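Below you'll find the structures, each written out as structure tokens.
Next come two complexes built around chain A: one with chain B, the other with chain C.
Our next item is the complex of A and B:
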């Protein structure tokens, strides 16, 4: 009996660190497989940089999505809002800045960033206002704004891709997503982590602090767990919702900056499908779509898991089609395992309970 | 409890990350030594824009053919996981640099977005050949191997003019924004068609998207709008043309509206045979894959290459489609 309880508590502990353990397992698995069948370059510093960079591109907007999901919402427009903001950035850098080396370029660059990022924040704000004023389901509202943002992006981009002049981009922006071997292009000279990854970690820390240390953070969790109870406790549910979406807009905007730094142009239609990757990162990290639960570190790990799998599959020359299948299976299995600690599926636990009696 | 849980997450995560990051030098040295051991085999990464279109499978066939002839070459065939997504293709290029391939052959999804990754590859000592679709100026690439798409577009315009007796309304259905090769075709078509005073282009600002479903939808709408007075449609690539053909059939305009496509598919070849399609501009994807791999291996062996190499462009019509040359181009071998 004692042993049984101990086993129970061990498995509970394992489940609690699920995402991180899964990541370690996946890294191990691919390392072994790559050394046996592949080129042996999966477990290398360079590949770590590449994975961290591509994970950061998903993780930053996913931090905003984590807040939304904890608050019981969803944002299907995150992908197209991101590329709309990225396209605005590209236009600002194409038409409204001068050579980055020229005198006074700094002001123009700051204005371009402000304008481009402002678009992302406005997108979030718009979502929040529509959801809280009309009290419609977030899924529907953001389904609508998803195509609105896509269309807006195509309008401002003239249905094309926006290419800013390379000379207009300051070096720090060009090398935000740099993963090569020139150490001078990293923020910390002796530790070559891509700057995009550092930004993700920094923002992650801020969101974790927000959730844990502020009243607003606790309100978000309360609203997500039960809006009616939150309302009874005197929390202004509508205002909280607006703020959560606006805040998520900031992360979408920073995500757009990273996207722009990565591809160096703005294409509004690149965003379709990105929202699902972002949501998948949150869900893999233990976020619950019914609200009230989600974790910052989990989301960061979730993004790493997705990108580690896709990198590992490339290294092993597994065809893309199977990569899609593997990622899909892992998402479902991860959520299933996560459900076990909350007593779902009910039929299984009912049967187990009966047998124990 | 939740605070404790997430702290554990954080700790585990940071442990994992540090472990990952703290091995840079040791491991890359390992991969170098393994490269030394297999030096006799050249590993060439061939990166298409996507993997699901027939066209790329023929490119793959050509690349394999070159590898087989050369004997000491291994082709690593890898497309972006998300079709026509620049970010995804950038990841593949970076992964190939990580693997440490001996050369990269790339069809860039966007002329601007791939500049820095290509620069990174060249910086790490990996030569790059660009094929099918151009790259912005900057990186010192070995060569650009492609169809002259502008001429292909002009050929389409001439075929169209002939099919509609040099008069009437025509539609140009574009592919997606920012794709260099199809933009060249579109420009070639529009420039050449402008030489015919009695031909009016009634629509040239619609993008069909990268799949047949969205193309059919767009073509449906355009036929609704212009169908009564329409003489011809030019669709600039394969998925685009397949969707357009369906839309023309649905509208009951097959044969009446003259239809020119670019790149073959079974549906289009069938249509060419029964009078629903009046011309297909053809490229030679097998040659493209073959010549690209040959070029990069020659370069690695110390030979220089022409800046631009054309792989030719051809026009199949209902009259010439049974000739041997056109049969080969209409049914290019693919790899399965």
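Our next item is the complex of A and C:
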């Protein structure tokens, strides 16, 4: 009996930090495997920077997705909205012909950024309005807008990839996703963390504060946990939904900016499939697709887990196809384990207990 | 034909049925009568094979009858027409009639063989011209009800159970249904008819059986018993519960409801409430009491009528009405009243967060302090405010839901079945709190199906039947029999009621 209780409390403590512990375990596993069979470069500062940068590209839009999922929704259009917004940015920088260092460039750059951000916010706003006005299932609505955004992107890009001239980009934008060895390119001197990673952490802090410390944040949790209870309590469920999707649109737009800074071109078709990676990060971090539950730190770690696995597999020369399989298995196992925390670990511990008796 | 004797059924600690006996005979209609929660539905489920009884015996035509599934019961010739329609709206009439029919081999349908049978069943229920290929959901409610009966007939049912079949029917179609039941009776079928409405029972049934609190309390021929005797059989329980009362005085008028109508219910409801008044609403389930409260609170659109609070018309949204001092306690604690997966504090503060915030930012300490105060005020038994609501007992959950109205500082309390499914001790605590609120000058509307508590706690009691508020009197001028009589009476104006 005593043993059973102790097992229970230990495992609960483990489950509460599940995603972080899983990340540590995965890093350890790949480090050992890489040292034995690979080049030994997995556990290095440079590779850490690469992983952090690519994780940030997923994590930033995933922060918006965390809000949506906590509110009981889903956004399948996040991927194509991201590349639509990124393509708009790329077009703005392609059609603009003054060097970034020239006088008067600042205004134009600000306009271009605002335009790109605006596209993302409009995408989110459109999702939110359709969902709350028609009361259709978010899955269906965003399935539709996913294709619409893809098509829109292809229209404005003339069905090709948009390449702006690199000298038109301001330095800070060009090095937003820099992972090289020149320490002067990082925001914090002598601490080489990619700027994209810092942005993800900063925005994560803001979202966590929003969820925990604001009336709006608590209303999001209420709407996601039980919409009928929220309605009973006088919370405007429809308006809250619209705001959540619009806010998520901002994160998609910032994600687009990072993505653009990373690849320095705009390809509207790049976004297909990204939404699944974004949703996977939220779910790995403990988000529940039935609403009311999700964690900012979990989402950030979830994005890191996905990118660590891809990076590790690359280092070990495991083909991409197997990487997909591994990540898929990990998502399912993670949600299964997470179910123990939320539901009844009883079935498991009853078995352990019976054996211990 | 059907003999039931000594049936008992318990769910965990709850005794749903205890030594229930009845007999249904060929060519006769047996009316099964009882209050909400008397065990009628459970008995129906045992008869249909959806539940198995714990003890007792049943026999059909002298053979032991212990159906282990609804399919098994149907094979023996026992069919049920449920209160809520159980037809699949997207299937054709024919497909619905075929659902669960015998005559399928190895999962294959032999339609041609069954079409004749279906046609015959539709003729019998008076729908000979209905296209069997028509989509079921496109038919009117009354036609769907007839299709349900046709489904029972198509299985060669010998005993048909009707579970409050008129609750979803307009008055004209009720006549048609009764004509049909009469035909079936003449063909020699046995019929069990469940209803609250004594007028209906008188019109259609030959025999009666009354259930109360899971017991059989009387049965016989309807000719030999008066309505008053049936009602006293239905309600005749001892009033041993404690109803703590707090003396309070009734003040100025506060809430005026004039000709309030929803679609389709409530219908043309007018009343007035004063400060310090506890207004009880009696009536059967489905009489429109819940709908009236939800119309008042703004959760259900009103078609017509005005509601004045302190002489001013109410704003539209739930949020604004809350600010004006209205508070609703939902009858559905599990899915609406509380967010089950959130903590006590989250539930208490839900919708009241504005009180603990400045410019949208929360003061978590103030929120926690305030919620702890309300938890102590209603004496919630929990480890702490962080505990998840679904770990609490029903009574403690209800206290949390009640405390949210207190935290909201409501002036008009709309309480929908506040004591449903909670223990006696918590019930009396809720009566006491209601009395204290009235003493503090608040106005309370108390919907309940439990008559003794209405009589003990309320100042004024109104009765609703079929969407209308039929009669309002001071509580002292009511007794249980009168309330039940008023609740089961069909209001004279019900023919005009629009059932959309």
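Note that in this section the second predicted complex is superposed on the first by the 341 of 357 C-alpha atoms of A that agree within 3 Å, B and C clash if a C-alpha of one lies under 4 Å from a C-alpha of the other, contacts with A are read in each partner's own complex, and residues count from 1 in each chain.
Convention: a residue touches a chain if its C-beta (ideal position, glycine included) is under 8 Å from a C-beta of that chain, and two chains touch if they have at least 3 such contacts.
Fair warning: this is a prediction, and the values are worked out from it, not measured in the lab.
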| item | value |
| --- | --- |
| Clash or fit (per the criteria above) of chain B with chain C on chain A | fit |
| Contacts of A:147 with chain B and chain C, given as first, second, both or neither | neither |
| Superposed model, angle subtended at chain A by chain C and chain B (C-alpha, nearest 10 degrees) | 130 |
| Contacts of A:165 with chain B and chain C, given as first, second, both or neither | neither |
| First, second, both or neither for A:107, with chain B first and chain C second | neither |
| Touched partner set for A:213, first chain B, second chain C, both or neither | second |
| Partner chain(s) touched by A:311 [first = chain B, second = chain C, both, neither] | first |
| Contact breadth on chain A, by residue count: chain C or chain B | B |
| First, second, both or neither for A:231, with chain B first and chain C second | second |
| First, second, both or neither for A:134, with chain B first and chain C second | neither |
| Where chain B and chain C come nearest after superposition, their Cα distance in Å | 7 |
| Contacts on chain A seen with chain B and repeated with chain C across the two complexes | 212 |
| Residues on chain C engaged by chain A in the complex (per definition of touch) | 299, 317-319, 321-323, 328, 330, 335-342, 346-347, 349-354, 357, 360-362, 364, 404 |
| Partner chain C, residues of chain A touching it in the complex | 212-216, 218-219, 221-222, 225-226, 228-236, 292-293 |
| Complex interface listing, chain A residues touching chain B | 16-17, 19-21, 23-24, 27, 39-41, 43-48, 50, 52, 54, 57, 157, 159-161, 163, 166, 174, 178-182, 191-193, 208, 212, 259, 262-265, 267, 269-270, 273, 295-298, 300-301, 310-311, 314-315, 317, 319-320, 323-324 |
| Interface residues, chain B side, partner chain A - complex | 2-3, 5-6, 8-10, 12-13, 16-17, 20-21, 23-25, 27-28, 30-31, 34, 51, 76, 78-82, 85-87, 90-92, 94-95, 97-100, 110-113, 115-116, 120, 123-124, 136, 138, 176-178, 205, 207 |
